[in-house]
Structures are given as structure tokens and as C-alpha cells.
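Report on one structure; see the data block that follows.
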Amino acid sequence: MISFMNDYSEGAHPRVMELLMKSNLEQNIGYGEDVHCERAKKYIKQQLQREDVDIHFIPGGTQTNLLVISSFLRPHQCVIAAHTGHVNVHETGAIEATGHKVVTMPAIDGKLTPAAIIEALESHSGEHMVLPKMVYISDTTELGTIYTKAELTALHKLCKEKGLLLFLDGARLGSALTCKTNDLSLEDIAKLVDVFYIGGTKNGALLGEALVICKEELKEDFRYMIKQRGAMMAKGFVLGIQFEALFEDNLYYELGRHANQTAEKIAEVLQKCGYAFYAPTCSNQLFPILPNEVLEQLSKNFIFMEQAKVDEKHSAIRLVTSWATTDENVDALCEFLQNI
Amino acid sequence: MISFMNDYSEGAHPRVMELLMKSNLEQNIGYGEDVHCERAKKYIKQQLQREDVDIHFIPGGTQTNLLVISSFLRPHQCVIAAHTGHVNVHETGAIEATGHKVVTMPAIDGKLTPAAIIEALESHSGEHMVLPKMVYISDTTELGTIYTKAELTALHKLCKEKGLLLFLDGARLGSALTCKTNDLSLEDIAKLVDVFYIGGTKNGALLGEALVICKEELKEDFRYMIKQRGAMMAKGFVLGIQFEALFEDNLYYELGRHANQTAEKIAEVLQKCGYAFYAPTCSNQLFPILPNEVLEQLSKNFIFMEQAKVDEKHSAIRLVTSWATTDENVDALCEFLQNI
Amino acid sequence: MISFMNDYSEGAHPRVMELLMKSNLEQNIGYGEDVHCERAKKYIKQQLQREDVDIHFIPGGTQTNLLVISSFLRPHQCVIAAHTGHVNVHETGAIEATGHKVVTMPAIDGKLTPAAIIEALESHSGEHMVLPKMVYISDTTELGTIYTKAELTALHKLCKEKGLLLFLDGARLGSALTCKTNDLSLEDIAKLVDVFYIGGTKNGALLGEALVICKEELKEDFRYMIKQRGAMMAKGFVLGIQFEALFEDNLYYELGRHANQTAEKIAEVLQKCGYAFYAPTCSNQLFPILPNEVLEQLSKNFIFMEQAKVDEKHSAIRLVTSWATTDENVDALCEFLQNI
Amino acid sequence: MISFMNDYSEGAHPRVMELLMKSNLEQNIGYGEDVHCERAKKYIKQQLQREDVDIHFIPGGTQTNLLVISSFLRPHQCVIAAHTGHVNVHETGAIEATGHKVVTMPAIDGKLTPAAIIEALESHSGEHMVLPKMVYISDTTELGTIYTKAELTALHKLCKEKGLLLFLDGARLGSALTCKTNDLSLEDIAKLVDVFYIGGTKNGALLGEALVICKEELKEDFRYMIKQRGAMMAKGFVLGIQFEALFEDNLYYELGRHANQTAEKIAEVLQKCGYAFYAPTCSNQLFPILPNEVLEQLSKNFIFMEQAKVDEKHSAIRLVTSWATTDENVDALCEFLQNI
């Protein structure tokens, strides 16, 4: 069986593993205050073209999301998200468990718009309702789409005007930044959002997300929060080393690009076969709509996720590629699709 | 500088790294449902001599503590701990952040006694106070001491009689189980407590704790809790592989033993030098009381933690050894101590 | 200005005040363990035709809702509510502040259906999502509608089948039980739901809701929860005395009936005037749709709430009557409506 | 049986009831935005000699405590309290349930000192521990003692210097302010603390505490918090009316004075009888140490609380007087004590 189930089926990219091996017997300071974390932060800040951000390495995405939201909101404040947003759907109420409501708005292709945010603001008035204070978006979104620079700028402006914090979940930022149609750089993002993270788990690391706090007022005491939520690793250098490897020579982008290119190859075959898509194709997640009998055949040799039932005879599935996706596996899938 | 600061300064034991490398490019199922986690659980169950436990791999200790306590207590219930307990002192209020009070009792050498628990129960009566429902102990304790089989049996009996859950934090269980004076086996512990964990981070792993739920009623839906608290790793196999390596051929015990033996060597020298100890010496944590001028000299070449000021002229420090402690470093320290 | 803003503009019904005055200088036991609370519970149990329920008097509705939901759910469990449900919209995230997600379903006229609950269950699968465990309904609903015996029985059956707790918010139960079209008794409700409350604040009391726990497993330690959430009043007898007055001779029903009858009178005039309604008219809340210019005129002499903009020229408003609504005020409103 | 159990055994002072009766059928705006609340605030501000405070009426003390602490602390911050503090002992973990640790310090006669606070600060360092940010004191304390102006000034200075918020629980402030030895006025208190409340429940009201927020930065959005915690009463005017009655002509002080004077009378008799006291006598709470056989006799005719076992033959009890304590009951107790 060949898996296109997700982008976290393999371990870390060999160059990441290599650096872990190389530094394995060093004595490092604990809790993320070591030289590797410092170096990784330096490399990332170079990408951001600025020094005045705080960077923290967090083990996983849900943890980063709950940390950010619970640390920056007061008790009565809520976060606005697309109804498809990861924090709403697939985190077992992690945000609510910290005391905050997630207010959701309908979103096309997983993307939140200024109009939707304004609508959310207008439907919340006064002290009998929660107070919207943060906007959560993800790039790529849960449907594999990306935000353009114009779109992110529009969100930035609105948030600034309305006093909202803008938080970008970059669990799949590696893929987003290397999409063909992408026009956003890390530098842009750091200017346009208040806090975001650069996902490692889904782009070459064993685990780890690099959280970037851009807004000065949000920086204070954040390490207390990390510790309190159980996200401060004794061996914090394990995360630092990985981001060092990913960012010392642009490996991060290379891996994202590979994931996108393998997806593109598959997408082309799907299009040639005449299949429609449940969401626009752009990054390392594809959502083709397949006849149920094709799906049945496919599932005999390939592992993937069923996304949604489209009608009686068709279903949308999710195919995901990653840095680790091999040409052999892509070819096997393409061949299968062309011959069925 | 040579560090005796803690037991999490190095990466993972080479045999753990080796298995990570070997399986790095396999395609594994996500979220801890892979074959490595299965294998690791099988090995641990063999040690426990029983099949009817649930085992979950959690990234870190604070996370495991907050998960266990918040999942098994109802809102009005509290946990009883030694005043030195990690959950009370060094977790930035992680337990309270989940809504539960930690009721602390004075404890000699970090160990909770039946008498202290009874006192805690007697001082809590009725609905205007929290209801004690769980007892938290650690082995080794935060002061490096261990529980004997007789002591743990006494705690077990009392807890059973009083309807309390007994939870053992085994962040340093590797050292505890291989102490010279230890008479407890993993099998014993699984019989005597309701839930405990086998610490990987401080005994050979990059990260990871193996949580063992022994009591049937506590098992239900625990994976939901793991996910909600952000402790379910996408690449759960990274934890499984490490515990597989630690338990497939008793590496775990070997590493604990090494840590203890190196500590013992240092302890002998300290004793010969005539230094007293702040807490009994037994495991991989030593708490010698040193004259301030010795301490000052020591700090020029060695890294360690200051534990407590004992009097105007003396302080207790903490020296920690681990699986990674080398003979060279031990010799350097011993030589220094003997020659000062 | 005459207010039809809500059903909590006046103090308590004179007979309630009378009993408060009469017992004012008695020495009563604190925290709701007094003879008045006992007597009130006895009267309510007589209405329920059963002894095996626990009754607690809670100061307010939001408090009762958050108490019930947070006490009976485990951390990963959520409550299903109509999207119009009070716990979703108008409690400033009180439920989420206790750690639980409110999963909402579209609902016609404020009423949750078995189909909607099944849909909610089907869209939640597995540990990456919250686990639905409770259903929240209100009677009357936030739109003034009521559940029939058949409807409540259907919800009861489904909840039992699916292992869900059924919780009925009866903040306006006085009005619901005395609706012309109502076929539910308190006895029925106690059989069909697991927990519910009988609202005092909106039906004759200064404050207070009588929470009835019907399900045996939910009773344990509930007074701890009341205390923890700040809902245990030192002078609990103040609540007990009021429910004693409301239930010793059916004053509660009398007051609900008065509220409904005055509303009916107004509804008839509105219908005669040819106005449509935003929600079916039945209880003490009316939602007529008025031309904006009528609304403007109305607002010069009457206080009411704007419910929703219907189109450019029309808005729905909410008119509420209560036990305290006078004939004079009703006549004034009717006259105004007929003459505009 | 005559009760000296507590100061909340009776309803409200007749003048409070009178105003409730008088305004009972008025139509008032809901949620504490009515004219009575406004008037009560005006009267209280006159006592404080300042306009720039926010005043909110909250149903009860535990609720006020949890509201204040959870609203003003960020997740990692804790409150320092005397080990005897109400928030630590007798609120069923209400503070922890909002996510915050209560750090307790030993306190003589229930009073927190600058030295104790400094000790608490010094024992908390860095992100692995909670961050002290608020100091909780009560006046009178749980042992009936009061703070002098000098003592409160010292606490104020220290808190200012250390960036700590100072919160005074005035559930029994009526008794404190009218103690013979008291030298603090409401005006002083408003200058020296950041937030405090004036207890109504224990000094003449049916229920209600007047929370005064003195520090500008703490005022924002507080009504959201009140609503979220279930503390915003639909009929907020019920609280406003009571404080209006208590403060329009100094009834509040009159009632406190009465409570203290009746306590003093009893204290004199106890002293004459040669009994020692568990805590200094000053306000409306007395803690005499009685031989067990006296205690046994006493309990046949009087209701009171046992405070602590002092030795095999003696126990300390708590006797509480209030505005409602009658001369007859005081005489009966004094006579009993003198004749045993």
C-alpha cells in the first residue's frame, strides 16, 4: 500500500536527521535556551528581514494554536475562524478547553474574507455576547488553498482598523510559500500578521512549529504560557536543531516545493482524466471528486482520506504529498489513474 | 564547562537514534496508531506482566501530569501532593490552569506518607472545600529519593480504602527502578497504582513519556484528552520508535543503572570529603551541602543547580547524572572535589 | 414610557414579597439547608409526582446553565444546542469559559429536532473532534415557541438511544406550561429529561431558578459545584422562600397564565392589523414584523427590543409580557396599534 | 435554639426590605443599568470621595472573588493570600477553577504582612513557576481581625513597588469600618487598594456585594466578565435598591456598629469568665477557647461553629453577631456564660 494520506507519515528529512545525529552527544542547555535554538532563530529572522520578533519552538500545531489563543485573549474574548478552520473542527475543543469561544463564519475554499469578519463583528454587540478580538486563518488552508498578498493585506487592514489580532496558522506554510501562485514571502507575513507559525512537522521535521510573535505587546511572559500548557520541552534543542537544519540553507523551501511539484504532477493527470475538484488545486493537498467505483479500486492500493460525499455516485477525496513523496509512488498513482 | 545540571542535556541514546534513523523513511500511520507504538506497548506490557492496561506515549512530563489530573478528576476534586511535588512547584500552575487545586502536605525527603494523606483528608470536609480524590507521588522524588515496596503498598491500601486514585509520576523511574536499594518492579507498580508513567526524556529518549493507565474505569476516551491538550503528535511513531528501542532489550534499565552508578561514584567522593547531604543519596540526583567557597570554585568548571541556602556559609546544590554521563566527566569532578 | 422589553422589569409578585417579609427576621440555616428550601422542594416534588429527584435553588439562569453543563460533561464532551440557544448566543461564552464547546445546529423557530441532533452526531466522529454528550433545549424557546409532549418524547428517546443527556432550560417554563397549546406537565418533563430548571426570575421571583436533577448518576456532589461556581448563596433561604410562595398554591402557574393571556390579547390586535410574525405566537414573547415607520412611532411611547431586520422596510421586534403586565399597559399598546 | 452561627441567618434589615417593597412594581431596566443602581453608586462614591471608580453589584462573595481574580490575572499569574484566606480554604477551589493558583503564606491572626509577600515573591522565580501578580486580603479577616491604616499603607506601598494588584475582600467591611480600633475609612481604602468590595450579604442585605474598581486599567469590559461568570442578574435593580437603602443615610455603618457592640458585650463577659481567645477580639466574630464541657452545655441552647481543637480539653469556637442580633439573645448568652 502506498500512502497519500497525509504529510506526516515519514520521519524527518535526512539532512535534519543528520544534524540531530551530529549534535546528539553535545551538552546543551535545557528548555530551548541552547545555541541551536539561537541559531535557528537567527536564520528565521534573516528570512523575516527583522530582529524585533520573538520566536519560540513548540512541539505541535494544536498546542501552538491553543497557546496563542489562550495567551493573548482575555476571558470574554473570542476568535473568529472559517467554519472549516482546524481550531474549530479538528482539535477536540482544545480552544474552548482554555475558555474561549471560536466564532465561525462560512468560508469559500477555506478562506476567511474581510466581509465575513465584518459580519461576525456586526452580529456581536455588547456584554451579553463574546467579544471578537482575534482572527484565525491558515495558509495553506485546510482545503489546500492559499492567501494572496492582496488578500492578506486586506485582512491586515481590517484587523488593524477594528483592533483585532491576526493569527496565521502555518502548519503547511512550507507548501504555501512555494506554491506557483504564491506572492507572499515570510517577510510579508511578518509584516501583515501579529503572530504566526512556520510548521515543521509537515515539512521535514520529526516535530516542531516555529512560532513568531511580531506584535510587541504580545511578547511578554510568553515562556510562562509555554511551560504552563506543557509545551516547553526539557530537550528544547531537539526542536532548535531541526529548524536550524531547515533554515540554514533554505531546505525548508526546497521541501515545500517538492511536495507541491509532486502534487502538481498528480493534479495534471487527474485533470486529464476529466475529474473535477472539490477545492482549487494549488498546494500539496488535492481534493479530486471521483466516481465511487474508481475510489473503490484506488483504495486497494493506495491510502487516502475521504473528504466528503458529493452525490450518490461521487465522493471527494484528499490526496496529500510531502517532501518524502517519491517519484515511484507518484508514478504508480498516475499510472493507476490513467489506466482505470 | 562540564554540566551536571540535569539529565536532559544530551540527545537520545545512540541505540534510540539508530532505530529512528532506520525507520525514518517508512510510511507510518499517524497519531500513535502505528506498528512501532504497538511494538513498544507490547514490550512494556511484558515488563508489567499484564495485558489489561492502556499505554499512551506523551511528549513531555508536565503535559502528562496535567492530562492525567484534568482527565480523571471532576471539577470540584483536587490532588494531594508533597509540598515539593513537581506539579506544585515547577509547572507554572499547569494543574490549576486545568481547574484543579493542588493540596500540598509537608513531606520529608520529598515522600508523601499515609499519615500526611490522612491529615489532608481530615482537613477537608464538606462542600465548601475541594474534595481530595487523587494522590500524586513521584519516583524518584524531586529530592532523588525512592519509595520502597512497603511504602507504596501502604499508600495503595490507604488510597483504596479512601477511594483515592494513586498517580505515580515516573519522569525518573529509570533511575528509581535501578537504585541499589529499590525493591519495586514495573510489575509491582502497575499493581499498586492506578496510573503512572515511565519517563523517556530523562532516560535515553529525545522526548516522550509512556503513560500506563491501570484502572479500567480511567481508560475511556483518553485519546480525546490527549488530542484536546495538544499532546497527540501527528508523528506519534517518533515516540513509539524510541520506547521500542528502550524496551526491546532492557536498554531502559541499563541506562538508569549507568546514571545511578556514576552518581554513586561522585557521592562516595563527597562523603569521603566529609560533606553532608541535603537529602539522602540514592539515585542519579545528589544534593551535597558545600561551603560557599567550594561552591564558587566548583562553578568555574562545572554547571549545576543551587538547591537551597542552608546557612550563611553553606548551600545545598544539585548534581545530576544520566545515561550520557561519561567517566571522564565524573573523574574530572571527583578529582576537583578531592583536591580543593 | 411603557416597557414590553422583557419579563424581568419588576420586582417579585406581592405574595412572594409577603412571604419574604413575614420570614425576614427568622433565624435560618445558611446555604440552602433551611426549612423554606425544604418546603419549596416538597411542593415542587408534589408537582413532579416523585421524590427521587434532587432540587437546588440557583440565583440565575446563566449560572444554572454553566453549572449543569460543566458539572455533567467530561473535558472532551460538548453540548448540542439550537443556533438560537441562549447558551450559544447570549451568555458571553459562559459555557466555553468552563471548557466546553457548544455545537450548534440550525433550528426552525428555536426548536431542536431529532434530525438535527442525528446530523450533529454524524458530523462528529472520533478523537480529533469533541464528543457530543448533552442536548440543550429551552422551553419556551428563545423565540417563544414550545415543545409538545410528542416532540419532547422523541428527543428523550433519541437521547436515551444515543447516550446523550437531555437538559431543558426552563427560564420561561412558567409561560410554557400555561400556553394554550401546551400538553406537557412538570411531571412529564421530569420523566423525559435528565435535568431541567423551573425559572423563577422571569415568573414572579426577585431572582432564582429551581434546578431539578432527575437522573440518579448526576446527583453526586452537586453542591460542591454550586459552591465552586459562586452560586451557593449564604442566605439560600431567600431563594427557598420565593419558591415556597410560588409553589405552595399554584401561584407559579397563575403568573405564567397571566403573562400568556396579556400577550394573546396583544397578538390578536397585531393579527387584526395584518402584521405577520417572525416566529409563531404562543407564549409571552411576541415577534411581530412591523413597517419601520410604525416601529419608529411605537418607540416613542413603548420600550421593546429589535429582534431582526427583515427587509429594507420591515423589522421584527420582540414584545414581552409578564405576571406584572397591567391591563392598562396592554390596552395602551393595543390602542396605539389599532390607531396608527 | 439561639444562633450565633454566622451573620447571614436573617433576611435584610427592615429599611432595606421597605425600599424593596416600595419600588417593587416599578418598571426598571435590567442587568444593573437602572436608576437604583445609579443612585446606590452615587451614594457610595460620595463615601469614597471620588468619582473615578467603577462600581458593580455582584450577588455573592465567592462570585466576586473569582470574578476579580480571573478577570485581572493573565493565565500564568497567581494571587498571594494568607493560608487562612477565604479564597484558599472555603471556596471549593473556585479560584483554581478559573485557572489560577492561590499561593498561600502563613499569617498571624489572618493578616498578610509585607514580609510574607516578599517571601512569596522571592520563592517564585522564572517561568517554571507561577508569577505572583495580585495580593488578596480580607478586612475583617477570617479571624475577625482588622488592618490598620498603617498596615494597609505598607501593603499598598509594597504592591506598588512590586507591580502587584492589591485586592481587599470586604465581605465583612461593615464590621471592620466600625470597629473601635479601626482607623480606615472607605475613602482611605479606595486610595490604598486597586479593587475591593463592600459586603452587603453579611451587613443588612438579602444578598449583594458592591465591587469597587479603583485602578483605571482594570475597568475595561468588566461587565462582560460579570455576564460570563453568571453574576449579572436580570433584575440587577434588586441589588441596587438594597445598596441604595444601605448607603443613602449611613445605615451600613449603623448595622456594622450594632454587630460589633453586641459582640463586645459578649466578649466582655467571656473575658470576665477568664476565657482566653484563639484570635484577638475586635469585630463581630469572637473566637473564645472553652473547656469541652462548657462547650457541650452551650451547644444545648446555642448554635455556633467549632473553629479548632486547641488541646485535649479545650476547643476554640466562633460566635458571630450581626445587625440582627437582639439584646435578648445576647443577654441569654451572657447569662449562660456567667452561670455555668
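To keep things simple, chains are lettered A, B, C and D as they appear, and every chain counts its residues starting from 1.
The definition used in the following text is that a contact is a pair of C-beta atoms (placed from the backbone, for glycine too) under 8 Å apart; a residue touches a chain by one contact, two chains touch by 3 or more.
Remember, it's a predicted structure, so these values are computed and weren't measured experimentally.
Of all chains, the one whose Cα centroid sits at the greatest distance from that of chain D is A.
The interface with the greater number of C-beta contacts, when A-C is set against A-B, is A-B. Centre-to-centre, using mean CA coordinates, chain A is 33 Å away from chain B.
For the pair chain B and chain C, the distance between mean C-alpha positions equals 50 Å. Mean C-alpha position of chain A lies 43 Å from that of chain C.
Contacts with at least two other chains are made by residues 75-76, 91-93, 97, 99, 127-128, 130, 224, 227-228, 232 of chain B.
Within the complex formed with chain A, the chain B residues making contact are 2-3, 5-6, 8-12, 14, 17, 20-21, 23-30, 59-67, 91-94, 97, 201-202, 206-207, 224, 227-235, 237-238, 324. Listing the residues of chain B that touch chain C in their complex gives 70-71, 74-76, 99, 127-128, 130-131, 221, 223-228, 232. If you check the complex, the residues on chain C that touch chain A are 75-76, 78, 89-93, 96-102, 127-130.
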